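In what comes next, chain A is part of two complexes: it sits with chain B in the first one and with chain C in the second one.
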Partner chain A sequence: MHFNISQSAFNQLLQTVSKAVATRTPKQVLTGILLNVEETTLHATAYDLEIGIEDSLDVTPDGTLEIISPGSIVIPARYLTDVVRKLPSTLLTFQVSNPYMADIRSGTAEFHLHGIDAAEFPKLPIFHSAKSLTISSLLLRQFIRSSAYAASTLEARPTLTGIHSTLHMGQMTFTATDGLRLGMFSENIPENPDFSWDAVIPAKSLTELTKLLPEQDMPVTLELSNSHSLFVIGKTHFYTRLIEGAYPDISRIIPNHFGTTVRVDTAQFANAIDRAALIARDKENHMVRMELQDRKITISSNSPEIGNVSESIETIETVGDDLVIAFNSHYVLEALRATGSDQVQVQFNGSNQPFTLHIPEEQNNLQLISPVLMR
Partner chain B sequence: MNAKSPVPRAVLHIDMNAFYCSCHAAAEPKRYAGRPTAVAGSPETRHGVVVTASYEARSRGVRATMTVTQALRTCPELLLIAPDFQLYRRLSKAVFDIVRQYTPDVEVFSIDECWADVTHVPFCGSTSDLAREIQKRLHRELKLPCSIGIAPNKFLAKMASDLHKPQGLTEISLHNLVEVLWPMPVGQMFGVGPKTAERLVRMGISTIGALAAANPEHLSHRLGKRGRQLVELANGRDFAEISSAPEPLKSIGHTITLAKDLSHPEDMATVLMNLADQVGRRVRRHRLVGKTVQLTLRFDSRRTITREQTLPIPTALTEILYDTALSLLHNHLPKAAKVRLLGITLGHLQPEETAILEKHSRTNGTPESIQLSLFSTGSVFEDITGSSQQNFIPSESPLGNALPPPQQRNLDRLRRLSQVTDALRDKYGESIVLRGRMLTQDESQHLREHQTRGTSLQKDILSWPEGGETWPKDGKET
Partner chain C sequence: MHFNISQSAFNQLLQTVSKAVATRTPKQVLTGILLNVEETTLHATAYDLEIGIEDSLDVTPDGTLEIISPGSIVIPARYLTDVVRKLPSTLLTFQVSNPYMADIRSGTAEFHLHGIDAAEFPKLPIFHSAKSLTISSLLLRQFIRSSAYAASTLEARPTLTGIHSTLHMGQMTFTATDGLRLGMFSENIPENPDFSWDAVIPAKSLTELTKLLPEQDMPVTLELSNSHSLFVIGKTHFYTRLIEGAYPDISRIIPNHFGTTVRVDTAQFANAIDRAALIARDKENHMVRMELQDRKITISSNSPEIGNVSESIETIETVGDDLVIAFNSHYVLEALRATGSDQVQVQFNGSNQPFTLHIPEEQNNLQLISPVLMR
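For the complex of A and B:
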């Protein structure tokens, strides 16, 4: 195994896959990156059994990568990534001469790193005739951003740590909830495939995936098997395990009529809540109080030890009853961030029922939050 | 306390010799008396270590903590006995009852040890005559041998009883302290563990005498407050009272060593359910509630970790113990780990009543906020099944910092359910009502068989409230 590669290309390749390197594991091989050199391609793979990332680089005439002989080896990721990152940005030579010992040379610097037999590295999941569809990377990012934040981080209810991803009659929906708030996003898929799917994908995995999605739009291919899903972005393959078990039926908790509907400027609303949150205490659920009187919203918060704060904003439109409600300021701020529009429509059913936030005139996105009860 | 002028006291430390083995010899003298015996767990379930060896066995080289295989190699004629905690408990109680006939000031230290303050016992004869009489009675009436230490305080009495075994009678006074105690290595001193001993030896203090002569300031600098106490003890000064009231329990827990390593979390969950069930039972039996749930994991490499979570509201409910332990397991179980031992401990115990008081005084302050749940209609049945995937009770709610009213109600219902099932199990046996998961064939089921389980003893059974000295009958016996 022997190849020459530009430091920046190699560094980029390793950085891409390093997000799937296992950190806490008794299996040493999982803390490594598998390098596999074929006739014209260099593959790098990391797989912590939860997520797996494989990326590759082809030999090009410009000399970014030159392959002299094929082979494969696993090198501990911590050392490999650091070594490559700190080498000068010129060509470097990677060679396995002695078994399980990689030589990395650049200029007069010469590293010898102990490796592990590539045969020990676990195989990535295989997708036989899996369901697949292609969507825009920007749309996928929006799907994840609008839902992932609401997933539970506690493993006690495994399904709630995932995002429920469904495709039905050409409409794709992502839903996540931790039982206290819920984020949902749906969109018609232009490709409109004639199959449906239903899977619970770990929210943590999808959050990792967003870090690999490019800034500019490009097609992403999704594949789904019974146990895993695969996202193909250019040459990068991102694998994640699926969560087993049925997702709770959330249809009955989403209200369909409301007593109060307001439309507000998102930044104004968010800033007022953000400021009030400074006084809200975490042991009281970061509770912030909101009072609506016709078109005036008063956001306030008080803490006997710290002090209090109050601030008013004007709604753009108010329909329905006045109300007083309290909520966890962090939940609302996160929901506003997930909504990501200039204006937001907030709908209430009194002070002890869940309320919703969404982009005005759009039905494809919904954030649902259960309020805090004041005593 | 130190200011109190030391009234000369007479303290006995009664230490039963090879207690578990002696109990079996007393119960079945024809089979076991005078023979090399060892009480040990069963090697098939990997509990195969010697817990206690009779003196006949010890003279042939058998030691506690040896594996059964090692022990049989050292002494092929060794008779192995499976532990019978009900027998030990019965005889232990009989021993302490005899001692209590002389003085009410008896401090039970473990199942086979106690201190007795006999300063004011009306007895014609010396303290050692009294000790000899107790020793003889225990031997005559219960056929149990013991060593007794006689001293002016608890520490010296404990050291004294250790000096001559079996059937010793040793007196340490402030006069013979220098000859008897001081030449002993510090590691043998009561209250000095292997770690402290190592540190002391590294500081050049290798005997109790050297410790007595050490500068307390210097030592407290290195060992903390404990350093000063150790110097006091080494000089034979110990003013600790004999307290007949049992120490309040700090924690209650169970562990189980598994016959086969588990790698599937689902199997571990079953074990956790059985552990949580028994821990919950014991805690409720003491009318206590606890605030911290600790999970113990030992991997196939024997590496052991403990992970802890603090609960917002102290509890004794099996459901919450189980949920918390399960979430600790999910958070801290390394991928592909194989688990050899699992344990759940409920710590920071406090009486139920004070926990309720605390809760009320807290609500008197600022109004508490309650985060409502999206799924607040879950029936109590879903609560109990706990691990069900479709469970609509959000994961936070049983543990979260505030409980919406419906879940608060569910907690009350769970509490009432526990009362009913506890009462049923007290009356008809542990297996009369079980959770579905507990029906899964699993060795951790044996946790419910109180007579035979494990190789270690829970100290709290020595001080059951309301005189309940026996556990309810196991399903097996009825």
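For the complex of A and C:
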């Protein structure tokens, strides 16, 4: 195994896969990066058994990568990534001479790093004749951003740590809920075949995936097997296990009629809640109070030790009953970020029922929050 | 007490003094910021009894600050700074109506924060007919940067947590040492009166002070009493307590002749050590090895578990004996940063004696490091 590679290209490759390196594990091989050199391609893989990332670089005439002989080895990620990152930005030589010892040379610097037999590295999941569909990376990012934040982080109910991802009649939906709030995003994916798809994907995995999605739009291919999902972004392959078990039926949670509908400027609403949250922050549920009266919203919070705050904003439109409600300010701020529009429509059914936030005139992005019951 | 102030000016004032707010103390008043309004000036003060910062703003015709009535109050810093930071960048009104309750208003937002009686706030140290001198802020930054890093962080020997600052025959010197390394910087301050000055100032305080020093050069006035030192930068007053007790005599530690002198490119030398440190990092003293032979330096490091590294650099000039020595790589990297020049002169007396680093042709910036003894 022997290749020459530009430091920046090698560094980039290692940074991409390093997000899947295991950090706390007794299995040493999982803390490594597998390098596999074929005739014209260098593959790098990391796999912590939860997510796996494989990326590759082909030999090109510009000399970014020159392959002298094939082979494979696993090198502890922490050392490999730091060594490559700290080398000068010129060509470097990577060579396995002595078995399980990699030599990295750049200028007069010469590293010898102990490696592990590539045969010990776990195999990535296999996707044989799996279901597959293609969507835009920007749209995929929106799917994840509008749902993942609402997933549970508690392992007590594993299903709720996932995002329920479905495709039905050409409509794709991502849903996540921790039992106190829910984030949902739907969109038609018409160019894809009309098959059904139903999987619970760990929210943590999808949040990691967003870090690999490029700034500019490009197609992403999704594949689904019984146990795993695969996202292909250019040459980068991102694998994640699925969560077993049926996702709860959330259709009954979402109200279909409302007593009060208001439309507000998102920034005004968010800033008022953010400021009120300063006084509420030492309370367990970051509770702030909202009162709607005469088409005006007053956000307030008080603490016997610290003081109190109130702030009013005008609604853009109000339909229905006046209202007093209390909510977790962090939940509402996160839901407003997940909505991502200049104006937001908020719909209530009194003080004790869940309320929803969505983009006005659109139903495909829905955020739902349970209020804090006032005594 | 009542004033109107631009949010950005108030925010700036509070950020400046907040570095001296106590974070862990049973005395609640020390976690606050004292606001004191005189006829034409607003003063803000924080004082954790170790360092104190006072800054002020005068009434100006542009309306940045308008004073309606004088008075003073202490407000918990954590709430005051966050509230002001999160208000919109317009004018805000600050008013103490009800005793010990401050009202902060901006637009429709209205905060009421509980305060503490200003009489409870500790008095800043007083400087009566104290010794005083003026130096450039850029030079002061260099004094601190070249010494503070070498001070001890262990309270076992309190004196060594300070920087020994002396003025003698017009020459100012800052020295710090933790017993294993030493940083020293001297410069003539000719425009100041010929008096002696001798004080041990906590290195932590001076490191905080550097955060208040402006990017552009301006004069800083230093005052010294028996127990405290004061640095005046424009309108900002920075107070620190002094460390009692005599500073050890370090003159005998610094060698005055050397067996080996090399001159190297600082970046080449630092990069080679930085890379070798990757292999050495799990060892307690981050030990790397340096060999000088035939005017060439080889930096190396090895670890039975990880691997090994070696890298050679050419010296620019070598005088004296060949040498093998081992040192703490972090100490040398910090000393090179403290030197801050493109080339550095390193001088040795064999493998077991301290070695020095300084700017070639200059003696006013001296870094000294004890080697790691090789078995």
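Heads up, the rule we're going with is that the second predicted complex is superposed on the first by the 370 of 375 C-alpha atoms of A that agree within 3 Å, B and C clash if a C-alpha of one lies under 4 Å from a C-alpha of the other, contacts with A are read in each partner's own complex, and residues count from 1 in each chain.
What we mean here is this: a residue touches a chain if its C-beta (ideal position, glycine included) is under 8 Å from a C-beta of that chain, and two chains touch if they have at least 3 such contacts.
Being a predicted model, the structure only gives us computed values, none of them experimental.
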Touching partner for A:Phe111 - first (chain B), second (chain C), both, neither: second
Partner chain(s) touched by A:Arg275 [first = chain B, second = chain C, both, neither]: second
Chain B versus chain C as contact partner of A:Val83, first or second or both or neither: second
Which of chain B and chain C A:Ser310 touches, first, second, both or neither: second
Contacts of A:Gly179 with chain B and chain C, given as first, second, both or neither: first
Touched partner set for A:Met101, first chain B, second chain C, both or neither: second
Partner with the higher number of touched chain A residues, chain C or chain B: B
Overlap of the chain B and chain C footprints on chain A, listed as residue numbers: none
Residue ranges of chain B touching chain A (in the complex, touch as defined): 299, 301, 323, 326-327, 330-331, 334-337, 365-375, 389-397, 399, 401-402, 404-405
Parts of chain A lying in touch with chain B, wherever the complex brings them together: 22, 24-27, 30, 48-50, 152, 154-160, 177-182, 245-246, 248, 253, 283-285, 287, 304, 326, 328, 352, 354, 368, 370-375
Partner chain A, residues of chain C touching it in the complex: 76, 79, 82-83, 86-88, 101, 107-114, 271-272, 274-275, 278-279, 305-313
